[in-house]
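Here come two complexes built around chain A, the first alongside chain B, the second alongside chain C.
Moving on to the complex of A and B:
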């Protein structure tokens, strides 16, 4: 492993890039930890945002104004303000108020705040994608299910959601790829993700370009994985005779 | 199967003075209709006269505003809860103009899903029954295909099999051949004809006049939300008494077809009235 690294460092040096810091156990360790933190952030926010999106979409399409109205207001506020500002507000204002109220018992770490804020932010986008999917299910298909004596719940789980999911999938994958890149805002409140780890290293040594390349490659790879999973899911759920 | 006469006192379906409006549009203005068990009843009439609406009211897909609908012992107009409507729909099959198969399920799954989820049949039984029904509509070779891969006529035959899979007491057919090309109409009508011959109670909304005349025990003619005339097929098609029925049938039964073929520009659609359009 270290042999490979040394080979890489030597090869990069020929292009004038100094990746020497990778051979330093401490700096390498903080980068690896940062990468793991970013992956964990992605995993938590992907699940969290999908749950938030599902809940919001359910409220939007419930047909009940006292569910749909608040969901609509929340979505408009959330998607029309910058994530970074939301994160600052949440961490610097809400978290401070919480700490004042309960003191050291405040269970919410900076990591948790990032998960919450991004989940809700992307959840708003998922909700709109899911709403589009739900509304794209032809009314007559639902009528057919009703005529077969399906209950509302059976209709929802066996016909409406499976179809809505297929219609919404490309948009959802789009949102998730954006979400992966969005986790970089965690560095703004000193969550030790890969961006924060990189900043810490380049403030001490002159290797900004090398770390930038590394960061871009890492996020590119992560997004690519999400993209591949999404495409595989689309292929698996494809309805023969629809699309191409 | 008991002959219709023996049960005349107790029709399977009975509509009395049924009214329904969509906003300010009065669609049904007092419909009276009876269907005896084992009968095939056709409802004909111009588009927008409320034919499909009548079928939707019978199975509770649309609520009535006034009047009564009875199916067997069920007072459809009085059904309040979802559970009661589900009990009704278990007994009433419905076949749609646009087939409305579930596009994400294979043909076999389309047939199996309702008996499994709604009637609680075992997977083995439901599948066995489904394959029998597919054979009946001559679609057994497409059990694993998806609706999107089938022609319109094939989809409609699967839709009929799907309705039959619930073992209904009666089936409502809503212009089931209107979306099909003339060649495939025949294959669907053959399946329906076989069902009526087996004694299945069928109510058909149709624009296929010859077919309606051929298979029906009773024919109803509707216009503007009212039953204008009803009676035996011979009565409606050979000796209609109402003037409006006469006009409609004159147009529907090939009068247009006898018009001289345009001798001029072949690209001019002068014979467009030969094609009956329905929405």
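Moving on to the complex of A and C:
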């Protein structure tokens, strides 16, 4: 492993790039920890955002104004304000109020706040995609299902959602790739993700360009993985007669 | 019988939103008459010129970024639709790299990699941080504009190309007088959407030390140091961004509906 790293460092040195910090155990360790934190962040937020999106889409299409209105207002506010400001509103304001209320027993770490904020933010985008998918389900299918005495919840869960999922899958995957890139914002409130680890390293040893290339490659790889999983899902869930 | 059902015309806008208008009037009245007595609002009023200047910086960055991004993006987009693979390849790489990189990373990239000063002739010209942030936002903007352009050209039915070619138009003529005029109309909604997203992206400028709205809000909340003021100022920042981006998004939806079937 270390032999490979040394080979890589020597090869990069020929192009004028100094990757010497990878051989330093401490700096390599902090980078690897940062990468693991980013991956954990992505995993939690992907699940959280899908759940939030599902709940919001169910509220939007419920047909009851008392559910649909608040969901619509929440989605519009979320889509039209920057994530960073939302993160600050949550972490600097709500977290402060929470700490004042319960003291040091505040259970929410910065990591948890990032997961909550990005989940809700991307949940709003998922909800729009899912709503469009739910509305694209043909009316005759719904009529057929309700003539078989499906209740409203069964209709949503067994008929509308499986179809809506397939209609919405391309935009959901698009949102998830966006979500992966968005996790870099976590560094703003000192969550030790890979961006934060890189900032810590380059403030000490002025090697911004090398770290930037590493960061771009890492995020490129993560988006690529999400994209591949999405493509595989699309192929697996493909409906005969739709798409190509 | 369906005949005697009354034809319901959509109401004009002041009658369509009575609840919202009453709420807005109530909030405005309260802000004018009720709020000035509390010290928290007095502090907010004291800080509002600084906040406005900060937001002006955000808007300046966003306008410049979309302008540079559009020019660059149209060039890259033009390369991407050319029939030669040797020009298509660099355009494709450009789009892939800058669409898949996090914006924050690109902003750090331009901030730290570009020099502090430029040496042109004998004079040194300073290269301020906000210009670097503008360039950092213009890069992903250009990649997105290129994709929007390519998508718009792809959305024109290929029969139009064939019809034009059978009328002995050359490729350049088809582009100039048939395809492009239709493309700009189709590009407008996604382009405006992109502008709103870039405006929201300017919030990241505060992380590299540009004195924008969020930076001003942080300074204000640390200076005044009151719980109520901190709550108020961060939610005002949220409200300011919303007030700027929401009309753009509504107008985009309106354009999309209008162009949907034409």
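General remarks:
The definition used in the following text is that the second predicted complex is superposed on the first by the 240 of 244 C-alpha atoms of A that agree within 3 Å, B and C clash if a C-alpha of one lies under 4 Å from a C-alpha of the other, contacts with A are read in each partner's own complex, and residues count from 1 in each chain.
Assume contacts are C-beta pairs under 8 Å (C-beta built on N, C-alpha and C of every residue); 3 or more make two chains touch, one makes a residue touch a chain.
None of these values were measured; they are calculated from a predicted model.
Which of chain B and chain C touches more residues of chain A is settled by the count: it is C. In the superposition on chain A, A:216 makes contact with chain C only, not with chain B. Once chain A of one complex is fitted onto chain A of the other, the partner contacts of A:140 are limited to chain B, with no touch recorded for chain C.
Contact with chain C, but none with chain B, is seen for A:187 once the two complexes are overlaid on the shared chain.
By the touch criterion defined above, A:35 lies against neither chain B nor chain C after alignment on the C-alpha atoms of chain A. If you check the complex, the residues on chain C that touch chain A are 97, 100-105, 108-109, 112-113, 196, 200-204, 206-207, 214, 221, 227, 230-231, 234-235, 237-238, 241-242, 245-246, 249.
On chain A, the positions that touch chain C within their shared complex are 76-77, 79-86, 88-89, 92-93, 96-97, 100, 177, 181-185, 187-188, 195, 199, 202, 208-209, 212, 215-216, 219-220, 223-224. The residues of chain A lying in touch with chain B in their complex are 138, 140-141, 143-152, 154, 158-159, 162-163, 166, 237, 239-242. Only residues 59, 61, 82-83, 86-87, 89-90, 92-94, 96, 98, 100-104, 113-114, 117-118, 145-150, 162-163, 166 of chain B touch chain A when the two sit together in their complex.
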